[in-house]
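Here come two complexes built around chain A, the first alongside chain B, the second alongside chain C.
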Partner chain A sequence: MSILGNRVLRKEDPKFLTVGGSYVDDLPLEGAVHVVYARSTMAHARIGGVDKSEAEAAPGVLAVYTAADIDLAPIPNGAPFGNPAMTRPWLADGVVRYVGEPVAAVVAQTRAQAVDAAEMVIVDYDPLPAVVDPEAALRDETLLFPEAGTNLVMTFPDALAGIMLPAEAADQDEGIFDDCEVVVARRIVNQRVAPCPLEVRAGAASWTEGRLTQWATTQAPHGVRDTLAQSLGVDPTAVRVVSPDVGGGFGAKIGAYPEELFLAWISRALGRPTRWVETRSESMTNLGHGRAQVQDVRIGGTRDGRILAYRLDVIQDSGAYPAIGAFLPMFTRTMLTGVYDVPKVYFKARSVATNTTPTVAYRGAGRPEATAAIERAIDLFAAEIGMDPADVRRRNLVGKDRFPFTTPTGTVYDVGDYERALDLVLEAADYKSLRKEQARRRQSGDASQLGIGLSVYVEITNGLPGSEFGSVQVRPDGKVTVRTGTSPHGQGHVTSWAMLVSEQLGVAVDDIEVVHGDTDVVPRGVGTYGSRSLQTGGVAVNQAAGQVVEKARQLAADLLEASPDDVVLDKAGGRFHVAGTPAVGRTWSELAQAAGEGGLSAETDFTAPGPTFPFGAHVVVAEVDTETGRVRISRVVAVDDAGRILNPLLAEGQIHGGIAQGVAQALMEEVVYDEDGNPVTSNLADYEFVSAAELPAFETIHMETPTPLNELGAKGIGESGTIGSTPAVQNAVVDALAHLGVRHVPMPATPERVWRAIAESRAGGNS
Partner chain B sequence: MKVSMTINGRSVDADVEPRTLLVHFIRNDVGLTGTNVGCDTTNCGACTILMDGESVKSCTVLAVQADGASITTIEGLAEPDGPMHPMQEAFRENHALQCGYCTPGMVMAAVSLLQENPSPTEAEVREGLEGNLCRCTGYHNIVKAVLAAASAPGGPK
Partner chain C sequence: MIPAAFEYARAGSVDEAISLLSEHGEDAKVLAGGHSLLPLMKLRLATPSALIDVGRLQELSYVRDAGDRIAIGALTRHRDLQVSDELARSAPIVSHVAGLVGDPQVRHRGTIGGSVAHGDPASDLPAVVLALDGELVIRGPAGERVVPASEFFHGFLETAIGPDELLVEIRLRKTQGGWSYQKFNRRAQDWATVGVAVARTDGTPAVALVNMGATPLRAAAVESALAAGASPAEAAESAAEGADPSSDIQASAEFRRHLARVLVRRGLEEAGV
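Right, the complex of A and B next:
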C-alpha cells in the first residue's frame, strides 16, 4: 500500500512539543557580544550629526557604529529592475526615511548593556516633510531620494517589457468598455498588513580562520549566503549559513535584512562572535510589510451577466527603500483575470516610495491583491445588474476543456475545473438554504443580518523560475539521509520528503533523516517561498530516490549475478532479490556497504517546466450586527485544489493557516501610520493580530486535479487559503448589508467601518 | 538579588538583577530555551508557563516575584524519556503545530485551561486561548487538539 496520500504524523513534532525548537536566539554561542540598533524616531529627516560618545563610554560597550564607519558596498537586495537611485544604505546615511530605520549599531558585552547604551546615542534630526500616502507620493512634492528626481520606483508592465514580458506587453486601453451595457467602477484599498511570524528577526555571526558562520532565521539560506559573500567581498565558499528552526516567515524572511547581514561585518571588525535579536516593536517597523495596494477597478459587461472588459490600475506602496514589494504588481498582472474568461483587459501599476517600512512578499505576494480586486468587482457587477453573484461567476468561468489556457495578460494556466470547485462549495455550504435564511432575516428586520460571501480563485505557484536541489543517500546501516535545498519553517518537509523516499525505497519514514538549512551540508538550494517546495524540491528528492533505487538494482544484480531487469525491490522487506526467488537477496544495508565509501547516493537539480495554478472556491458566512457593526464569521467553507496531495494532514494545516490570515486581513489587521509617518500599530497590543476567539472551525473540502507539469501531480498549497478567503469575507460583509444599499465596505471591516457604511447608507448616501 | 525557586522539580538558586524578567531568567540563566519570547506587550503568550500550577506569561513576571515558587515549563511537562503528556500527544495527533514557536506556550496554556475547565466547549477553548497567538495553524487544529485531550482516556473529564 502506498504511503503517499496518507495522514502521516510529523517527525518534527516530538522535539517541538517536549523541549521546544532550536531557533537562532536559543543557540549557545561562546563569547558572543550583543548588538542592538539605535533607530530613527522620525519618518523623514536629515541627520545633522550623531553623538555616540556617551554610548561609547557606557558600561560594557565595545563599539558604536554609524554609516560613516562602514566600508561596505550598498545592500544588494533592492527591488528587481527598480530605480538604482533608491538603493538602501546599511545604516541611515545622512537621511532617515522611515520610523524604525537603523541609525547606529551598539555592541556590548550583554544585551541589557547594549539596550541601555542604544538609548544614549544622540541623533540630531532636521525634520523633513514626510509622505505616507502613496498617491500623495506620486505627486513628487516631497522626494525621498532627491537624486532620483521622483518617488516613482517603476511602472508595470513597461518596466518589464522585453525583460520578463514580451516587448509588446503594454496593454491597450482604447475603448475596451465600448461594447458594455453596464460598467461599474470602484476604488479598493488592499491595505498594508504585517506578516507577524511568531519568531521575530534574529541573527548571529562568527568568524573562524577567515571563514564566516552566520545563523539566520530565513526561508532561503543559500540566498543569504550569496548576499553575505557579495556584501563582504568574500567567496561564497567562505560563508556558511545555518538556518536552524525558523518560527514562521510568510514571505517576509526570504531576503536578508541589513541588521542581520551587518552582524558579520561587526564580528569581523571586532574579532568576536556577535548576536542580535529584535523586539516585537522593532519587528513591526522593520520586518517587511505586505499588500499595500490602492486599486482602481473597472468592470463591464452585459445586463445578462457576461463580463466583457476589466481594467485595474494599481498604486503599489513600496515603502522607503524599494524591495521585493515594489515588484509584486508583476504577479497582480499575471493573475489579473483570475478564473474568468474576460475578452478585453487593461492593467497598469505604479510602485512608489513613501516614508514607511519597506514592503516585501507576504503570503500570496501580489496574487491576493489580484483576486481581491476581481472578486470584489464581480460582486459589484452582480449587484448592479441584480444577479446572484454565484450565477455571474458561473457564467464567466474558464471552462474545464480549455486548458492549457492563455489569459489576456499572457499567463498559461496548466489545468483546472473551476465550475466543479464552485459547485462543490455551494453544495457543502448549502447555499440555497443560506439565501433563504438571509431573506428571512431581512424580512424580519433582524439586528443580526446574514452575509454570504463567495470567491472563486486561481493563483500561480512556483511563479519565479528556478531549480531545486535534492539528494538521497543510503547509509551503511540501511538508514537514509535526504538533503534538500528547500528550507521549511513549519511546512513539514522533514516528514513529506521522508514519505516520498519511503515510498520508493521501502525504508520506514522513521529511518529517513531529512537535512536542510545548512549551506555546508546542502550544496545548493533556493528555499521555501511562493508555494514552490513540493513541486520543485519534493520532485528533486523523489527523482533522486528513483535514481538510488536504480543504482541499487544494478549493484544487487552484480552481486546476485543476475540481469538488472530480473531484480526486484521488495519494499515491504527493504530488500532486492531476483524475481521469483525471494530467498536470496540483498538488503539496503548490505548494498550500501557493498557500494563502499558514502554508501549509495544520488542527487538531482529539478527545474519545473513552468508554474502551476492551484484554484478553489470559498463561501464565508458572516453574522453582522447592524446596531454595533460587529462582524462574526460563523462559517468558512473552502474547496482548494492543489493537485495531488502528498499528506492531507499537512495540506489542511496550510489551508487553515492561510484562511486565518485571509480572514484577519478582511476583518481586523491593518498597519496604520499617522500623517507624519509615525506608526500607530507597532506592537501586538495595537496591531489586531487574529486570535482563536475571532475565528470559527474551518470546513475544508478536498479536490484534486493533478498538474501535468511534474511527476507528483502536485501544485503549491501554502498561499491558497489566504488568497481565497479574504475576498469571500469582504464580500460576505457587504452582502449582509446589500439590502440596505451598501455596496462596499473597506478592509479591514472593523465595527466602526461597518457601522459607518450602514449609517451612510441609511442617510441616503452611497457607500 | 537572591532568588530561589523550583523549576521542573529541580531547585534553582541564583543572584539576579532586579529587572530580570522570569522568561529571561528561565532562558538565559537556567538554560531552558523551550519557552519563547514573541512580543513585548504580553499579547502573544509564547512565554506561557505554569507558576504554582497556574498559567502565567513569564514575560510579565519578574524573576524575583517567582522567589519560592514552583515553575513548570514545556521541558518539565512530561518525564524525560517517558511518554508525552496527553496534551503534547493531542497536539501531535492533530497537527496542532507548524513552525513550533508558539507551541510550548500554547501547550502550557491548554494544560492550564483544562485544569480549570475539564470539559470545555469549542467556544470556551477559543476564548480560553485568546491570549496565545499562533500565525501558522489558524487555531483550527489547536482547538481540535485541546478538545481531544479533554476527552482522551486518562485525560481530564
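Right, the complex of A and C next:
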C-alpha cells in the first residue's frame, strides 16, 4: 500500500512540541556582540547631522556606524526593471524615507547596552512633506528620490513589454465596453497588511579565516548567500548561510534585509561575531508589508449575465524603497480574468514610491489582488442585473474541456474544472437553504442578518522560472539522507520529502533524514515561495530517489549475478532480490556498503515545464449585526484543488492557515499610517492580527485534478486558502446588507465601516 | 522590548511595601500582576525608577463576605474572581467580567487591584467596581482611608492613590437579580471598544461605561431616565450623554457613542430592567 496520500504525522513536531525549535536568536555564538539599530522617527526628512558621541561613550559600546562609515554600494532597486535611480542606502544617507528606517547601527557587548545606547543617538531632522497616499504620490509634488524625477517606479505592462511579456502586450483599451448592456465600475482598495510571522527578523554573522557564516531566518538561503557575496564583494564560496528553524515567512522573508546583511560587514570590521534580533514593533515597520493596491475595476456584459469586458487599473504602493512588491502587479495581470472567459480586457498598473515601509511578496503576492478585484466585480455586476452571483459565475466559467486554456493576458492554465468546484462547494454549503434562511431573516427584520459570500478562483504556483535541487543518499547503515534546495519554514517538507523517498525505496519515514537550510550541505537551491516547493523540489527528490533505486537494482544484479531486469525491490522488506526467489537478496545497507565511499546516491535539478494553476471555490457565511456592524463568520466552506495531494494533513494545514490570513484581511487587518506617515498599527495590540477565537471551524472539501506538468500531479497549496477566502468574506458582508441598498464595504470590514455603510445607504447615499 | 534600567524590591508585607514606596519616591511603581505595567515598560513608555513588587502578598488575595458588601483583596487574580463561590452567590457579574479580561495567561497573573489602580478606562473591572458602588481601601504611611469609586478615578491612568500608598481592598455591594455585561471588541483578547455594565444593588439599576471617556463612567442620564420611568430603549438613548470618548484606531468617538446606546439598551434588556 502506498504511503502517498496518507495523513502521515509530521516528523518535525515532536521537537517543536517538547524541547522547542532552534531559531537564529537561540543559537549559542561564542563572543558575539549585539547590534541594535537606531531608527527614523520621521517619515520623510533631511538628516542635518547625527550626533553619536553620547552613544559611543555609553557602557559596553564598541562602535556606532552611520551611512558615512559605510563603503558598500547602494542596494539596487528591488523591483526588476524598476526605476534604477531608486536605490537604497544601507543606513539612511542624508534623508530618511519612512518611519523605522535604520539610521545608525549600535554595537555593544550586551543587547541591553545596545538598546540603551541606540536611544542616545541624536539625529537632527529637517522635516520634508510626507507622501503617504499612493495616488497623491503619483502627482510627483514631493519626490522621494529627486534624482529619479518621479515617484513612479514602473508601469505595467509597458515596462515588461518586449522583456517578460510580448511587445504587443501594451494593451489597448478603446471601446472594449462598447457592446455591453450593463457596465459597473468601482474603486476597491486592497489594503496594506503586515505578514506577521511569529519569528521576527534575526541574524548572526561570523568570519573565520576569511570565510563568512551567516545565520538567517529566510525562505531562500542560497539567495541570501549570493546577495551577501555580491554586497560584500566576496566569492559565493566564501559565504555559508545557515537557516535553522524558521518561524514563518509568508513571502516577506524571501530576500535579505539591509539590517541582516550589514551584520556581516560589522563582523568583518570589528573582528567579532555579531548578532541581531528585532522587536515586534520594529518588525511591524521594517519587515516588508503586503498587498497595498488601489484598484479601479470596470466590468460589463449583457443583462442576462454574460460578461463581455473587464478593465482593471492598479496603483501599487511600493513603499519607500521599491522591492519585489513594486513588481507584483505583474502577477495581478497574469491572473487578471481568474476563472472566467472574458473576451475583452484591459490592464494597467503603476507602482509608486511613498514614505511608508517597503512592500514585498505576501501570501499570494499579486494574485490575491487579482482575485479580490474580479470576484468583487462579479458580485457588483450580479447585483446590478439582479442575478444570483452563483449563476453569474457559472455562466462565465472557463469550461473543463478548454484546457490548456490561454487567457486574454496570455496566461496558459494547465488544467481545471471550475464548475465542479462551484457545484461541490454550493452543495456542501447547502446554498439553497442558506438563501432561504437569509430571506427569512430579511423578512423578520432581525438585527442579525445573514450574508452568503462566494468566490471561485484560480491562481498560479511556481510562477517564476527556476529549477530546484534534490538528492538522495543511502548510507551504509541503510538509512537515508535527503538534501533539498527548498527551505521549509512550517510547510512540513521534512515529512513530505521523506514520504516520497519512502514510497520509492521502501525505507521507513523515520529512517529518512531530510536536510535543508545550509548552503555548505546543500550545494544549490532556490527556496520556498510562490507555492513552488512540492512541484519543483519534491519532484527533484522523487526523481533522485528513482535514480537511486535503479543504481541499487544494477548493483544488486551484479552481486546476485542476475539480470537487472529480473531484480525486484521488495518495498515491505527494504531489499532487492531476484523475482521469484525472495530468500536470497540484498538489503539497502548491504548495497550501500557494497557501493563504497559515499554509499548509493543520486542528485537532480528539476525544472518544471511551466507553472501550475490550482483553483477552488469558497462559500462564506457571515452573521452581520446591523446595529453594531459586527461581523461573525459562522461558516467557511472551501474547495481547494491543488492537484494530487501528497499528505492531506499538511495540505489542510496550509488551507487552514491560508483561510485564516484571508479572513483576517477581509475583516481585521490593516496597516494604517496617519497623514504624516506615522505608523499607528505597529504592535499586535493595535494591529488586528487574527486569532483562533475569531474564526469558525473550516469545512474543507476534497477535490483533486492532477496537473499533467509533473509526475506527481501536484500543484501548490500554500496560498490558495488566502486567495479564495478574502473575496468570499467581503462578498458575504456586502451580501448580508444588500437588501438595505449596500453595494460595497471596504476591507477590512470593521464594525465601524459596516455601520457607516448601512447608515449611508439608509440616508439615501450610494455606499 | 528591553525596559530601561530600574531598581527592584520585593515587599514581604503591606507595611514593608508602603515603607519601600516612601523610600523610593514618586517615580517608583507598584508591580502586581504586571500585565499593564510591564508592556509599557518594555516599550519604554513607562520608565519607573523602581518597582515595588507586591505580587507575593498572599494576605491580599481573598474574597470575603463582609455583611452588606463583598470584600476583595487587591491581589486577587482575575482567575480567582472567575471561580469564586462567594462571588457566584453575591456578585456574579464580577466573576463573569473577570473571565472576559485578556486571555488565560493574563487572567492567571493580572489582579483586580492592579486593574483598578492602573486607571485605564478601557479595562473591564473598573467599570464594574463603579457600578457596584465600590469602596477602595487605600493604605499609606498615615494609615488607611476609604475612597468611594465615584471619587477614585481622576483621569486617564490617574487615580486617588498617592505615590506612597497601596490599594489593599475593594469592597463591592452585593447584586440582586439580573445583570449584564456587554463587551464590544474586535478580538477576544482585546480591550473593549466600548463596554457596558448593568447591575442592581438596591433595586434600581446601575449602569457603567467602559472606554467612553478618560475614566470609567456611570451613565447617570440613563439611570435617572429609568428612575423617571423610561423604558430601556428610551433610557438607552441618553447613554452617551456626558461621555467624552476618544477616537482611535478601533473606533471614532461618534461610533463609540452609537455603540454605547446600542449596548446599554441590550444590557438593560438582558438584565431584565
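Operating definition for what follows: the second predicted complex is superposed on the first by the 765 of 767 C-alpha atoms of A that agree within 3 Å, B and C clash if a C-alpha of one lies under 4 Å from a C-alpha of the other, contacts with A are read in each partner's own complex, and residues count from 1 in each chain.
Just so we're on the same page, a residue touches a chain if its C-beta (ideal position, glycine included) is under 8 Å from a C-beta of that chain, and two chains touch if they have at least 3 such contacts.
The model shown is predicted, which means the values in this text are computed figures rather than measured ones.
Visitor: I'd like to know which partner A:Ser691 touches here: chain B for first, chain C for second, both or neither.
Guide: both
Visitor: Touch test for A:Ser281: chain B only (first), chain C only (second), both, or neither?
Guide: both
Visitor: After lining up the shared chain so the two structures overlap, which partner does A:Thr628 touch, if you call chain B first and chain C second: first, second, both or neither?
Guide: Touch status of A:Thr628: second partner only.
Visitor: Name the contact category of A:Pro751: first (chain B only), second (chain C only), both, or neither.
Guide: second
Visitor: For A:Ala112, is the partner it touches chain B (first), chain C (second), both, or none of the two (neither)?
Guide: After superposition on chain A, A:Ala112 lies in contact with both partners, chain B and chain C.
Visitor: Mind working out whether A:Ala660 is in touch with chain B, chain C, both or neither, as first, second, both or neither?
Guide: After superposing on A, A:Ala660 lies in contact with chain B but is clear of chain C.
Visitor: Counting residues of chain A touched by each partner, does chain B or chain C come out ahead?
Guide: After superposition, B is the partner touching more of chain A.
Visitor: Per the contact definition in the header, classify A:Thr18: touching chain B only (first), chain C only (second), both, or neither.
Guide: First partner only, chain B.
Visitor: Is A:Leu152 contacted by the first partner chain B, the second partner chain C, both or neither?
Guide: In the superposition, A:Leu152 contacts neither chain B nor chain C.
Visitor: Could you tell me if A:Ala67 is touching chain B, chain C, both of them or neither one (first, second, both, neither)?
Guide: After superposing on A, A:Ala67 lies clear of both chain B and chain C.
Visitor: Once the two structures are superposed, pull the chain A residues common to the chain B and chain C interfaces.
Guide: Looking at chain A, the two contact sets intersect at 112, 279-281, 683, 685, 691, 693.
Visitor: Which of the residues in chain A end up touching chain C in this complex?
Guide: Touching chain C from chain A are residues 111-112, 115-116, 119, 279-281, 627-628, 630, 668, 672, 680-681, 683, 685-686, 688, 690-691, 693-694, 750-752, 755-756.
Visitor: Under the touch definition given earlier, write down the residues of chain B that touch chain A in their complex.
Guide: For chain B paired with chain A, touching residues are 17, 19, 27, 33-44, 46, 74-75, 77-78, 84, 88, 91-93, 95, 97-104, 107, 122, 125-127, 129-144.
Visitor: Under the stated contact criterion, what part of chain A meets chain B in this complex?
Guide: Against chain B, the touching part of chain A is residues 9-10, 12-14, 16-23, 25-26, 112, 196-200, 245-248, 250, 279-281, 489-492, 649-650, 652-653, 656-661, 683-685, 689, 691-693, 695, 697-698, 721.
Visitor: Which of the residues in chain C end up touching chain A in this complex?
Guide: Spelled out, the residues of chain C in touch with chain A are 1-2, 4-5, 43-44, 184, 186-190, 193, 249, 251-252, 255, 258-259, 262-263.
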